[in-house]
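Here the chain labels run A, B, C and D in written order, and each chain numbers its own residues starting at 1.
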Amino acid sequence: MKGEKRIGILTSGGDCAGLNAVIRAVVHRATLTYGWQVIGIKEGTMGLLSRPVQYEVLDLDMVGSSMMRQGGTILGTTNRGNPFAFPMSDGTVKDRSAEIAGGYREMGLDALIGIGGDGSFAILRKLAQQCGMNLVGVPKTIDNDLGLTEVSVGYDTAVAVATEALDRLQPTAASHARVMVLEVMGRDAGHIALAAGIAGGADVILIPEIPFQMDRIADKIRQVRNQGRNFALVVVSEAVKTSEGKEIQKEYQGGEKRFGGIGNYIGEQIAAATGAETRVTVLGHVQRGSMPSPRDRLIASAFGVHAVDLIAEGKFDRMVAWSNREVIDVSIEDAIARYQAVELDGALVKTARGLGICLGD
Amino acid sequence: MKGEKRIGILTSGGDCAGLNAVIRAVVHRATLTYGWQVIGIKEGTMGLLSRPVQYEVLDLDMVGSSMMRQGGTILGTTNRGNPFAFPMSDGTVKDRSAEIAGGYREMGLDALIGIGGDGSFAILRKLAQQCGMNLVGVPKTIDNDLGLTEVSVGYDTAVAVATEALDRLQPTAASHARVMVLEVMGRDAGHIALAAGIAGGADVILIPEIPFQMDRIADKIRQVRNQGRNFALVVVSEAVKTSEGKEIQKEYQGGEKRFGGIGNYIGEQIAAATGAETRVTVLGHVQRGSMPSPRDRLIASAFGVHAVDLIAEGKFDRMVAWSNREVIDVSIEDAIARYQAVELDGALVKTARGLGICLGD
Amino acid sequence: MKGEKRIGILTSGGDCAGLNAVIRAVVHRATLTYGWQVIGIKEGTMGLLSRPVQYEVLDLDMVGSSMMRQGGTILGTTNRGNPFAFPMSDGTVKDRSAEIAGGYREMGLDALIGIGGDGSFAILRKLAQQCGMNLVGVPKTIDNDLGLTEVSVGYDTAVAVATEALDRLQPTAASHARVMVLEVMGRDAGHIALAAGIAGGADVILIPEIPFQMDRIADKIRQVRNQGRNFALVVVSEAVKTSEGKEIQKEYQGGEKRFGGIGNYIGEQIAAATGAETRVTVLGHVQRGSMPSPRDRLIASAFGVHAVDLIAEGKFDRMVAWSNREVIDVSIEDAIARYQAVELDGALVKTARGLGICLGD
Amino acid sequence: MKGEKRIGILTSGGDCAGLNAVIRAVVHRATLTYGWQVIGIKEGTMGLLSRPVQYEVLDLDMVGSSMMRQGGTILGTTNRGNPFAFPMSDGTVKDRSAEIAGGYREMGLDALIGIGGDGSFAILRKLAQQCGMNLVGVPKTIDNDLGLTEVSVGYDTAVAVATEALDRLQPTAASHARVMVLEVMGRDAGHIALAAGIAGGADVILIPEIPFQMDRIADKIRQVRNQGRNFALVVVSEAVKTSEGKEIQKEYQGGEKRFGGIGNYIGEQIAAATGAETRVTVLGHVQRGSMPSPRDRLIASAFGVHAVDLIAEGKFDRMVAWSNREVIDVSIEDAIARYQAVELDGALVKTARGLGICLGD
């Protein structure tokens, strides 16, 4: 029954590497296997909310092999605009969910593939339930904190970029006998910091899940020095907290500064506590925009194909997931509920401790 | 009970990216957590077979953070020399297993960590059983064909190098309207070709698990051309077979040539069948020697830590393995038995077909 | 006097990295500074030869910042088709130069920017003179053999890709005690092999300018081994000759084989002469299609801007060139005449010999 | 007359990529061609100042091909310690130049190769003249601001790292409709910012040589938006000044902050002036510590070989330099005197303006 369906696809929340590979796979599977039409909705749910609906018909000509290499998302995305409490230009907030449902119907969509993280899925799911949209989710987040999937799109690339930064900081640290601090992303979960720190040979890794004590960090740096090594590498997740529960980023930036932050703070503290010459790098959005790693492209492609198959089978309210070399699907509700912070007795933490890395505690 | 043990470590079989990260992790865990001494055996079992035994005491000073970035193995390795049928210089073969057991005892080793693939494990396990060695295995193989682990050390990097080659072939293929053939490694299993082919946007992927018909390949290339695209990308695993069971490599090279092979053959056949301008790249050992990917370093580090822990717990004849973000351990015997070729109904094959890629059948 | 001119641009001969950066710069300069229109001619002179002329109007929207990263050429190119002796489908050759001149006039072009190497320039210049076209040349060639410019577009990237291959071969060579042979491009000039060989730490570099003796190569490999190093790296330019003047590629491939070649031959010879375990990599077109290096993008951009300025100044029959951090322009005729092979007493050869590298002589 | 000489080598000032390639080349040339001994002095002039002198005898075994890939310097370096006004631990300064001359004599050195920038050369030259040391200089500086050489060691790699950061910021900028600010190094000269900005497709590039007006920047960003592009890329050199002569870095950081700086300031200003969502990346020392680019390795190798030859010819007080594909040598005095800021009518500035890039004026 080719040609019957028209499916929408949108990317939601912070962008990352691999989104375009999902889109490309969806277009291939839907077009080649089922003969469906794919509608790319612009800027997340904003595209469905706009009138006319902002979209692009996606066909095979538009999704060539070079698209695999492109970071970001050709559809655009947004962090603004919870449609249930949309910030209006007059300063009020308004429930605009019905407008999105209207956009979905106006476009004649049979189903919608949402590529997002837990925040996006919570909103999309509520929309789907209230408005009768057929939703399939594809997990993406550089933080890798979504439950029920081994990995989400974008994480592998973010870790690669952060690791590469450590690779580059080590030689100059050693040449100048310095402590190098690298601030990486990770709003609530420390997976990037932990994985990159291990892979990049860090001495100290600070993550949100483990409140840190500056004493321990200073001890580690002195210990490294006493063992005859003249440099140290420190990785800091952007949202770390002290053991007294202070969220550094807020404290340090106060009300005045929008940029800069935790990396600089930690660098200053280390310099003060140890007397070590210290330098700071704030990687920022290079972690999001990099060319997708092969693994991210592969997982994204597998996810895209399976997401279309779920629509073909009429299985909605499901999220595709990666498990032991295979693609499976799970309940979106369960995936959101099982938030996946760094497990304190998991392989990454155990490995870090086994390598003698200081985790701040 | 620190200081009690002396453990050996060796790398066996073809080298790959990440071996040094395993060694580094073993030295850290054994030294820092248990206070043991680590003996690096040179050139696989050859080091134990030599008299005096060829080895190096490995301490923390030798395994700095820059070691994470080094491809290959600081211990050396070898593909020669099954000790049960060792090729002697006079042309005979000899069982030299007892000499290896002697080396193990002479060094006063309490256990041996062997980093290898299925071939190496079969030999090491037989040695361990006959000679009373306490063996723990760490899986490495760019082919990723070991069972009971999601992934082996070296695979992620090999896929990355092969994918990058496709990234580079696509623009020149498009500029000149050419078919580009890329020959990648994979003696028995097509995982590298399949993963890299998907990630790199290939049109045709040939793997040993699926005997190919040149007709189908030519059809695909003509189809691509008819759809208005002027180029095509073809990935070929080195050990592919035709649907009549011909192993191309042997046929093509005959008795005369030691180098070159399947990629060139396929390129010639495609040119003849389609009239397309065709070019061939034979990647060779750049797939083995590249700087380890972050994921390979992470898995290698986790494996190294866990391997030492197994010794501490007295669990021998076990191989560490990766499963759903965690390190587990499995029976070496079972891991070898469950050879992991590309599954024809697995995620990779399904994804490739979903993307419209021709697999030669 | 904005808006007066209409200029054509085409890419000719083998593609390389940086062509799109030239095109992008030409469009920016012509549009923003002079208000001219830029016509992109498809597939080199073939586009002007076709009826209707094959072209695309290039405006700023089409040349975004991501174009900097794209290898190849958005205009396509061709190695076929000398228009003065064009191979017709009936097997005859025909002078079709007047048709190209016709295309130029039909399009109403005021000038033509040709991006090419010496072969392309010879043809384009003859066309320009016979047919009254206003020609400006931009030098591109991975071989870097054009005279009167320090560097041509595409060379820096090709060297980078070849060097990276050596970086990857070294660790696996050392792990397995092997000789690794890398075949790189360079039809007449050995610049790529020499630069990459030096940068990648090669022991032997063979270039067309220095006929080689296998004895010397074998001596070098034995010498390396005697000094206690267990591996060696050999770089071979595709067009090397023996000291007896044999062109290996033709000899070796005979009439039967279209692919494979000199690298395999050299590998076999080395294995036979030294008994060393030897492996071969044939890099092929990954040297052309890679993402442009920053230097290639910079030079390409500077060339593009200056080429448009030459048209504004009415200076034709000129080629832009790089000299001591500046862009200059030179006579195309002189640039072709001063073919720039590797100078045997130049910095590269002197450096190679200073590092103890064997050049085959 | 082999074996006659003993030459010292040291790296001075901020480290960069390619220093080890210089050292490697010096050891090869001195050892293989002249049979001299090479003494590696530790941590710049600090090694000669210490008693005993801190050094390492450098032989061929220590400078393998993998050294080409190592960032930093195996000899260590320092930014501290002008020996003519050395900061003592009691807070006083002291002329310790005689101690360095003593170290030079104590080691029995015939000549000293100093790898440094203009600051280091000024000191080394004064030392050489006062104390009778035979000095040869090798230029290195990521800022590329040394006169009389087309390029210094380390610049090419720094530009590559900064360009790559722009490559990564562009897709995420476009996906989120953001302005991305990238702060790069460049204390007095804007070469890195300018070259990387051009190569990375920046819209605005701010360099110390051109005081900027925020109005112009805001105009450019609005103009880009009006043309229908939703993002912009801004590169800022760390030492830019406003058109009123304010040095932002000092102003912004005040007395309180050691880290963070100009990038954050510019980001805040742009956000305030345009309302654009803005994000900032501070690359920091990843620009110094990266793996050397092939070009840096090549130039470094050529410099190292030529520096040794200068000693053999008894030509002292000379600096090796790169000019039109060749290595030459120039007077150190002249090289320092001809400080090479970005030329306002040079190729880079002209290219940037030709591409429509806003330079802040």
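Rule of thumb we're sticking to: contacts are C-beta pairs under 8 Å (C-beta built on N, C-alpha and C of every residue); 3 or more make two chains touch, one makes a residue touch a chain.
For clarity, every value in this text was computed on a predicted model and none was experimentally measured.
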item: Chains in simultaneous contact with chain A and chain D; value: none
item: Remotest chain, chain D as reference, centres from CA atoms; value: B
item: Cα-centroid distance, chain B relative to chain D, in whole angstrom; value: 40
item: Whole-Å gap separating chain C and chain D, where each centre is the average of the chain's CA atoms; value: 30
item: Whole-Å gap separating chain B and chain C, where each centre is the average of the chain's CA atoms; value: 35
item: Two or more partner chains touched - positions in chain D; value: 66, 70, 167, 170-171
item: All chain pairs that touch each other; value: A-B, A-D, B-C, C-D
item: Contact set on chain C toward chain B in their complex; value: 11, 14-15, 19, 70-73, 76-79, 161, 165, 167-177, 180, 230, 257-260, 263-264, 267-268, 271, 279-286, 288-291
item: Chain C contact footprint on chain D (complex, rising order); value: 24-25, 28-29, 32-33, 60-61, 64-69, 150, 156, 159-160, 163-164, 166-167, 170-171, 195-196, 198-202, 227-229, 233, 293-295, 297-298, 301-302, 304-306, 308-309, 323-327, 346-348, 350-351, 354-356
